[in-house]
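Reading through the structure tokens given below for one structure.
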Amino acid sequence: MSIWEYANPVRFMRLSDRVLPWLAALSAILMLVALVWGFFFTPDDYRQGSTVKIIFIHVPSAMIAINAWVMMLIASLIWLVRRHHVSALAAKAAAPVGAVMTMIALVTGAVWGEPMWGTWWAWDPRLTSFLILFLFYLGYIALWAAIDNPDTAADLTSVLAIVGSVFAVLSRYAALIWNQGLHQGASLSMDRAEHVADVFYYPLVTAIIAFILLFVTLVILRTRTEIRARRLRALLAREARE
Amino acid sequence: MNAIELAPYRDAAPLEVRDLACRRGERLILEGVSFTVSPGRALILRAPNGAGKTTLLRAIARLTPPVRGTVSLSPERMTWFGHADGVKAQLTVAENLRFWAAVHGMQDITPALEAFRLADLADRPAAYLSAGQRRRLGLARLLVARRPVWLLDEPTVSLDAATVATFAGVVGAHLAAGGLALIATHIPLGLAEEDVLDVTPFRARESAEHAHDPFLDAGFATARDGREEVSR
Amino acid sequence: MMALLRRDLALALRSGGGFGLSLAFFLIVVVFVPFGVGPDTGVLARIAPGVLWIAALLSCLLSLDRIFQLDWEDGSLDALALAPLPLEGVVAMKALAHWLTTGLPLTVIAPLLGVLLNLPGAAAPWIFLSLLVGTPALSLLGAFGAALTVGIRRGGLLLSLLVMPLYIPTLIFGALTASRAGDGLDFFTPFALLGGVTLLAAALIPFAAAAAIRINLR
Amino acid sequence: MMPDLGKYAVWVLSAYGAALVLIAALVIQSIWRDRKMARMLAEVEMRSVRQDGDRG
Amino acid sequence: MMALLRRDLALALRSGGGFGLSLAFFLIVVVFVPFGVGPDTGVLARIAPGVLWIAALLSCLLSLDRIFQLDWEDGSLDALALAPLPLEGVVAMKALAHWLTTGLPLTVIAPLLGVLLNLPGAAAPWIFLSLLVGTPALSLLGAFGAALTVGIRRGGLLLSLLVMPLYIPTLIFGALTASRAGDGLDFFTPFALLGGVTLLAAALIPFAAAAAIRINLR
Amino acid sequence: MNAIELAPYRDAAPLEVRDLACRRGERLILEGVSFTVSPGRALILRAPNGAGKTTLLRAIARLTPPVRGTVSLSPERMTWFGHADGVKAQLTVAENLRFWAAVHGMQDITPALEAFRLADLADRPAAYLSAGQRRRLGLARLLVARRPVWLLDEPTVSLDAATVATFAGVVGAHLAAGGLALIATHIPLGLAEEDVLDVTPFRARESAEHAHDPFLDAGFATARDGREEVSR
């Protein structure tokens, strides 16, 4: 049996039904652990003071925000090539999650920026790219909402995801050339010298895993909702014909 | 109303439709539609409103790809004429027609103008036409496209009796030249070469509709039951 | 193909939607800025290249829904899809017609309107060149957005929402070219990238837009 | 229990607060919509089962 | 009359043309400005009130053709002209529906977006109040322009051209109120005049627009 | 297809048209049109395409004010139904109809839905109707407006034969209730109470067209002559 079999809506419902409670519990627990650890049991940074605690939300949400879009792009490609309904609906389901994660990264960043840089908002390339990403999410969600035939909507949003990805990457480079940034470099790079201290590193990794689990849980849950919505639609249409 | 004559079409071939199933939006409307129209014949699609005539014509033109089944001729040999007639109000009658002629690689629009008695109106902007005159202009496009298969969706809407006769003459000439036509209409055209197909019997059965929607899979109900068992 | 271009140009000119009016809109956005931000010439000169680019962009945006919507409504698009033209070519021609009636006239007039905003003299030719190189991308991306939203009745604002993020690289590189040139800084990199974006759009968009139209016609 | 957040207390707390509110809103909305959809679906599903039964 | 308002709101919400999208457009115009004029926060703060006002104005403008054009195209306006409603009331209701779906949401969100432009804190409440008082005039004047151009197929840009000069007093008084408030200067005079313009528009426009529609229906 | 019945109109009065001249754009199309339609009667306007039926109906509704002549009833007593039917694609069938009902101060739309066999489609967005279903929805507006004078411009376009009969039944009920109707159509309705008027004979003579244009005043020539005299 090929892996694509799981992309059949019925199978997906059956499987996800079994997995979801465990996933949900796990992500809730891990999230709790990570945030409690980060908030209560980490020291202040010598330069940033207690604001460094924001990192445990800010960085994971920023990572999810980007990777959610990548996931949507892949799911869209799968839909276009293999026409598996579940992957189209998963892309649809991921968009609001990605948008909220983007918003969290933006908001926590803004709240961090006010004490650190003295401004809520600066047109730093990192921040700018995030704002643009947020716009892409909005457009994508709006396009889904505007078309009422679900297959047409899936096709068109997939095309948008592809073209949008190309231009999102372009925007990122455009923003880099446009303005030199204030923003931190990578703190999780392989180069140990640039690493954040271990006291921050381990809770941060925990938080990242927790956010990933949360993302997966939410996407599965929302995909289930979308599948149900589709089935409801189909059943109602069938009734209407009788 | 002089009879017109068209140059014969070079590659006459019958239009064979086999087991076509077609949808509109998400709904399967027709299924199992099969028929053959040979060159020189017209097939009139008859059915009450909402039966699926437009849907069938769009599927044959591949504007809405059919769900299943085959159509023997490629859309490149067809001209489509729908409820909306593609007339631009800002352009004059002649400009409208000349555009479609150019798209299809034709030069001369006078025969088309004359066939539909539009020569007098040639320089009038299409915005200033009456409903019937405008429809005539839309129909004239058929003659500049020079395609052997005509798909016509209620072509005679708004036309007066004399113009319906003129139009029947044009269709007759098209058939005489080896073309063929599919015409959805509620108004009899009175062609000599016409067959009639009622599409009502092809209305999609419910079960057929299910067969193609993964979201109507019976497995869903089971899946739900399964969960209930677990939760109990 | 040429017939399509000719027809689209004729329609744009006659419907009172092309040319003159997109110029007028551009003019008026530029005129609005001093009313909004106040008459301080220093500030105006500083923001002039950006304002001209943004105004050009908004003028383009306003006429995008013309590209396919009308043809869809009156059935022409159905007929064109069956005509012996590749749909990709149709898209390209329509984007070209849009550019000729919108982007090109804007480009020509922008340096003149720059005077109203105290645009530094050194920036004027580069406003012209950057718009010349950049506006085709605006028309192409706009055609893509229009193809996605064709059939959504009066999807005008949705169209704007979809297209605007796509416009950002062009806007950044374009405005940067002009303002750096005005300040006597190096502007080669943004200018080259501006051209790159346009080329990329020209290579990619006709296919994406044609695909979107095919989907929308079903 | 509460760690000493120093002069940045407001910022840290509001960052956590805002993030938690947004996550909670997302989670609640997701669950609520899923419940609602499941309920509506169950209703229609029952109806169609009954009809299937009638049809024999 | 209420039925008309309800229908117009329903249409605006369903057609994906109302509310969310006009907000999104506003957002995006505001976002574009830094890309155009550069990221210098000093300059941005200086021009922020003007930019917010201009963005609000352009968002309004974009959805104006919705007011009458669709009803004209599909024959509803003919039928409404014969219905037992005064045409002046129809105009007023349609302008109100437009304001509720455009001006009002913009007003609410403008102070938040001000953050992106480093709008001085003192100006934020006055941006809100000046938009609240001023945007009804934009919808009313827009309805007048829409009435003049109804029947001109895709007269969107002509409409903008006609309406923009009418918008200038509102723009000047509105932006002046907000920027003076931000600088701690006296802003009572422009604010009072802004209210005056709106009242004048409310008193005058329904009649003028109804007359224009009657002429256009012939 | 059960026969429907309408409550009688209160203020029945004949529609008298006297010496009407009407224009379209800048062209005078018809002149000297006079007729009377009494309550309970329908007048069918017959004429070839472009003769001026639409123009005449618009003039009677005062949508395009007539150039000359009088119409006895005010537009407040008329309902207009033209080529474009005012159906909003985004709204459902019921919402569309409820709007027009509310505009005319009516509450109940079920009789109108039933008269046009739309009850089953009530919750479907109008975008998903076939051409004929959509037209039926447009026509249903006539029943929620409750006006004694109906001006109908080609109402039966796109309707199948059965629906044309249904519609004829509705018009019959309207007439029976003391209403009257003017109907421009190319398709016979087969009403018992109909008279037919051919508008072709009223086509405006060229001289009449000039009579009203101040820029064709003979005075211009004199003015020019006068100037030439001065300059000489």
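As written, the chains take the letters A, B, C, D, E and F, and residue 1 is the first residue of each chain.
One rule holds for everything that comes next: a contact is a pair of C-beta atoms (placed from the backbone, for glycine too) under 8 Å apart; a residue touches a chain by one contact, two chains touch by 3 or more.
It should be emphasised that the depicted structure is a prediction, and the values quoted were computed from it without experimental measurement.
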**Complete:** More Cb-Cb contact pairs, comparing A-B against A-D, go to A-D
**Asked** By CA centroid distance, what chain is farthest from chain F?
**Response** A
**Equivalent interface positions on chain C and chain E, same or different at half** = same
**Request:** Averaging only over C-alpha atoms, locate the centres of chain C and chain E and give their separation in whole Å.
**Result:** 24
**Request:** State, to the nearest whole Å, the distance from the C-alpha centre of chain C to the C-alpha centre of chain D.
**Result:** 42
**Asked** Any idea how many Å lie between the Cα centroids of chain A and chain E?
**Response** 35
**Request:** Could you tell me the distance, in whole angstrom, between the mean C-alpha positions of chain B and chain D?
**Result:** 49
**Asked** On chain A, where are the residues touching two or more other chains?
**Response** 135, 138, 142, 146, 178, 231, 235, 238, 242
**Prompt:** Mind pulling the chain F residues that touch 2 or more other chains?
**Reply:** 83, 90
**Multi-chain contact residues (two or more partners), chain C** = 15, 152-153, 155, 158, 161, 164-165, 168, 172, 218
**Prompt:** In their shared complex, at which residues does chain E touch chain C?
**Reply:** 15-17, 21-22, 24-25, 28-29, 32-33, 35-38, 43, 46-47, 49-51, 53-54, 57-58, 62-63, 65-66, 70, 152-158, 160-161, 164-165, 168, 171-172, 175, 179
**Prompt:** Inside the complex, what are the residues of chain A that reach chain E?
**Reply:** 110, 119-124, 131, 135, 138, 142, 145-146, 178-179
**Item:** Residue ranges of chain A touching chain C (in the complex, touch as defined)
**Value:** 132, 135-136, 138-139, 142-143, 146-147, 152, 155-156, 159-160, 162-164, 166-168, 170-171, 173-175, 177-178
**Request:** Please name which positions on chain C make contact with chain B in the complex.
**Result:** 2-4, 6-7, 10-11, 14-15, 71, 73-76, 78-85, 217-218
**Item:** Residues of chain A touching chain D in the complex
**Value:** 35, 39-40, 44, 49-51, 53-54, 57-58, 61, 96-97, 100, 103-104, 107-108, 111-112, 114-115, 214, 218, 221-222, 224-225, 228-229, 231-232, 235-236, 238-239, 242
